[in-house]
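Dropping a structure here in structure tokens format, bear with me for questions.
A, B, C and D are the chain letters, set down in written order, and residue numbers restart from 1 in every chain.
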Amino acid sequence: MTTPTDPPPPPPPDVATLLVSCADRHGLVASLAQVLTGHGANILEADQHRSEQAGQFFQRIRFDLSELLTDRGTLERALNEVARRFGMDLQLHYDSQQPRLAIFVSQYDHCLFDLLWRHRSGELNCTIPVIISNREDLAVAVAPMDIPFVVFPISKDDKLEQEAREIELLERHRVDTIVLARYMQVLSPSFIERYQNRVINIHHSFLPAFAGGKPYHQAAERGVKLIGATAHYATESLDEGPIIEQDVIRTTHKDSVRDLIRKGRDVERNVLGRAVRWHLEHRVLVHQNRTVVFE
Amino acid sequence: MTTPTDPPPPPPPDVATLLVSCADRHGLVASLAQVLTGHGANILEADQHRSEQAGQFFQRIRFDLSELLTDRGTLERALNEVARRFGMDLQLHYDSQQPRLAIFVSQYDHCLFDLLWRHRSGELNCTIPVIISNREDLAVAVAPMDIPFVVFPISKDDKLEQEAREIELLERHRVDTIVLARYMQVLSPSFIERYQNRVINIHHSFLPAFAGGKPYHQAAERGVKLIGATAHYATESLDEGPIIEQDVIRTTHKDSVRDLIRKGRDVERNVLGRAVRWHLEHRVLVHQNRTVVFE
Amino acid sequence: MTTPTDPPPPPPPDVATLLVSCADRHGLVASLAQVLTGHGANILEADQHRSEQAGQFFQRIRFDLSELLTDRGTLERALNEVARRFGMDLQLHYDSQQPRLAIFVSQYDHCLFDLLWRHRSGELNCTIPVIISNREDLAVAVAPMDIPFVVFPISKDDKLEQEAREIELLERHRVDTIVLARYMQVLSPSFIERYQNRVINIHHSFLPAFAGGKPYHQAAERGVKLIGATAHYATESLDEGPIIEQDVIRTTHKDSVRDLIRKGRDVERNVLGRAVRWHLEHRVLVHQNRTVVFE
Amino acid sequence: MTTPTDPPPPPPPDVATLLVSCADRHGLVASLAQVLTGHGANILEADQHRSEQAGQFFQRIRFDLSELLTDRGTLERALNEVARRFGMDLQLHYDSQQPRLAIFVSQYDHCLFDLLWRHRSGELNCTIPVIISNREDLAVAVAPMDIPFVVFPISKDDKLEQEAREIELLERHRVDTIVLARYMQVLSPSFIERYQNRVINIHHSFLPAFAGGKPYHQAAERGVKLIGATAHYATESLDEGPIIEQDVIRTTHKDSVRDLIRKGRDVERNVLGRAVRWHLEHRVLVHQNRTVVFE
């Protein structure tokens, strides 16, 4: 299926993204820029952020490799040398290596179908090799999409074993990013740890309000005038991971729980869609359980 | 395909909706209430609006028919008698008679798929017997939906003839409501007139700004800090019909036209979804090219 | 000081507002309407809400008294008779009797000055006979306003005595509504009880998130992407009273606590302004710690 | 009057802001960074934007001068040398030289008082030496503020002469920035030209919708579901200058023109407040009638 957009996208250039995080000190910007330009890399975009409170420096650099004077290996060694010297966390992502995304779902279809639609529309720069579920519900609906839909039912007794099978499948598909699109199972700490800052969850409330189960029921009970959704990286502490994106929609006394669920779906889809796109474009850095999003 | 929601919807009751519009005067509310309760109809909801400026009265009444003392025909005659006496425009819609909706599309799929998803999710109380397009593009994508997709190519020379065929098809399917889901053809005045206040169009700008073609390009050219979308009833004057719903999203200098198109799609879907739902629930009244929306 | 607006306000008519809350049952709407019209009162607006979940009925009726066939006393007795019969909570407010509002402040001036500006602009239909503070800070700034500014310093030991003096002052000024415009003292339960559902507080977070002290610091620590404000009726349980209005504003990783405080002030002012206006126009009903707002 | 905030602002450091705009080419970033660091300036923040469509490069650099190896004059000559070489538009602003702002008003007070409150609260880094009006209305209200309020009545016949007197006054006060806070007079082209990109106007609609007079009346007539406000630099073409900031608020069929005016005031104040702050912090660049805002 193709989704025409206007104008057509340009052909993918030979470009890479560098993500840097380290304790703030003089000379950081100059050192990285010098290495890049010295090797013939042409800087296209550079965003930076200094957190005064945390004393931390963050940078995202997009650069063109098409006129590189050396080769990628030489450039990488030079960047790693700088990283070692300044104690940098450094990530390097080539556009030519598309992220590989797995979507986890249960019975609700709105976030799943929205992500698949965004993917087809060209919004999400990734490959989606597999969809995983703990239930059969959405198998038929997903069938026309030509993406394997694999069911791993989870009970109290076999959670770790089933997760081991899931991880095996994820590794076979070389998956690097996981989206929990209203997946109604808690992942075990060992699973989370393996994919640290690479599992994106959507929670259907504006966290930290209404953490835990049935947030729309909680919202109706409390009588709030706004409901929301939060996309965050999953951590061991449920609903407490670093927040990537949030949004809200107005509600009134007329809204029943059913209305909140309906209104909330639109927010969930948009919030998750933005968070996944930013992650896939390497715009998100995590530090001390908070995110820097170079939008 | 089923979309589980939580909690499940209650069974449809024996309920009707009355929509009234007339010049404001004393005794309107009492007269209608008296007729309804006199026939054993139980009023569930009643919203009203008095426009001081227009001197016009508007009302929407939801009432339960399950304990009717007479029959529907008798009640209808009594209501029509009141309508005649007060010069009322009066619409009566039974919940048991679902609206029948046709969707018109061209090459863009986001509004179409969103409406179909909302329909499957139970948000839109209607039957969708047919999708009509002037292009083949979306035929394959729509195929799994089990809804006839009929193509009527339109050229300058055959517009009225093709529209005649479309109308024939619409009548065969007893369609009463039409949604132009980014349909890239202007309907002829005679077509519009036949379906007055029953053709909902989505325009991809916050009207009256950027009427006409390529509104996202116009927005980029003007350098606005918000883009939006407008759902309105189609009239002979393009982009000037009664507005049902609008919304916006923030943009910045970083956004290219491509980014505006991407951001705008999310707004278009949500605005159109709300407008169609309100129309199907008989919440919208039109007077002097403006709408009253009993939300 | 006069604030010109365009167009000028019409002269205040002889109008009253009825607020009703009771267990839902048949015949409620008809009974009240009959009593009103039977006495010659002309219904101008009527909003109603049925909470299915709570089985409760709420109504707000605005009616014109200028052609009353009896007198106010007779009408009131008749309304009270209906109220008794149906077990209604019934409030009757005449436009001719303006609410009398006291503002409580501490050191922050933004909510106070905003309310005073809204009052002068004609947005708030009330008299403001006194401003009360636990600190001297804003005395000089308030001086040109021609409203008494009375300071009651509060320490741990004299809270109840000082509150007794405040209540004496409020009664002398016949105050019926209190706004805590960032007042940094917790009122004692006996004070709250005396002015039940008549003390409006502004909390600088989207409750229930970040209840308690220093919510902007809490928000910065948690890394949320939205901050907000909540106007609610004060109850014995701090930050847990019925919510009247809420709103939010976007934040990013760039925002320091100082930025959050600055951004939040704009939200606090608007949220509090709306909540106070709705309360003064008798648009708010409280039931089971939630509000119905007939906007 | 002091407005306590929490925490207190740090003492102003020895910092400057560089704003650059030029045709995009290789080596721009490196050249400027080299000159700055070569003179001992320490770069604190650097934002940049490349407009692919316009082929233009924009940058804002904040740097610390406290450890300068040379002196300001030498640094400025070096920067001007780079600017000449690359054909840059270059602005250099020292924090120690506060902008000097004049506010123009007519009869409406909300934008004026809001700006004055923001100024006292420390949000606006500027001096306000004079308020100018074409009417006497607000003289009394402004009196307690200790800012000269000077009235220049304007008629068709004496506009240019009165503007000449205004300019003389502005020059005497060394004013560099002008805010039209709902000033109901059109400035002549020669006035605008003298203060190019330094006159900020607030228009009470989301431009380009409802340009010209009485936009709230136009909005009510058209039946829009959102109203808005736009802050822009004034140009010869009324309401067509570069947009700095915009925002909207929802409206319904219930809103009369008076309600739109009331709702709109809140939007106008917030939009103008943000635009003025960004301008004063040298965050806004203009190119081809659009703005780049380094927020």
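Convention: a contact is a pair of C-beta atoms (placed from the backbone, for glycine too) under 8 Å apart; a residue touches a chain by one contact, two chains touch by 3 or more.
The structure displayed is predicted, hence computed values, not measured ones.
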Using C-alpha centroids, which chain lies at the maximum separation from chain A? C
Between A-B and B-C, flag the pair that has more C-beta pairs in contact. A-B
Between chain B and chain C, the Cα-mean centres are separated in Å by 37
Can you pull out the residues of chain C that are in contact with at least two other chains? 254, 257, 295
Within the complex, which stretch of chain C touches chain D? 1-7, 9, 107-110, 113, 117, 121, 123, 137, 140-141, 144, 254, 257-258, 261-262, 265-266, 270, 273, 295
Seen from chain B, its contact residues with chain D in the complex are 49, 51-53, 206-210, 220, 222-226, 228, 242-248, 252-254, 256-257, 289-293, 295
Contacting residues of chain C [partner chain B, same complex]: 26, 29-30, 33, 37, 42-48, 50
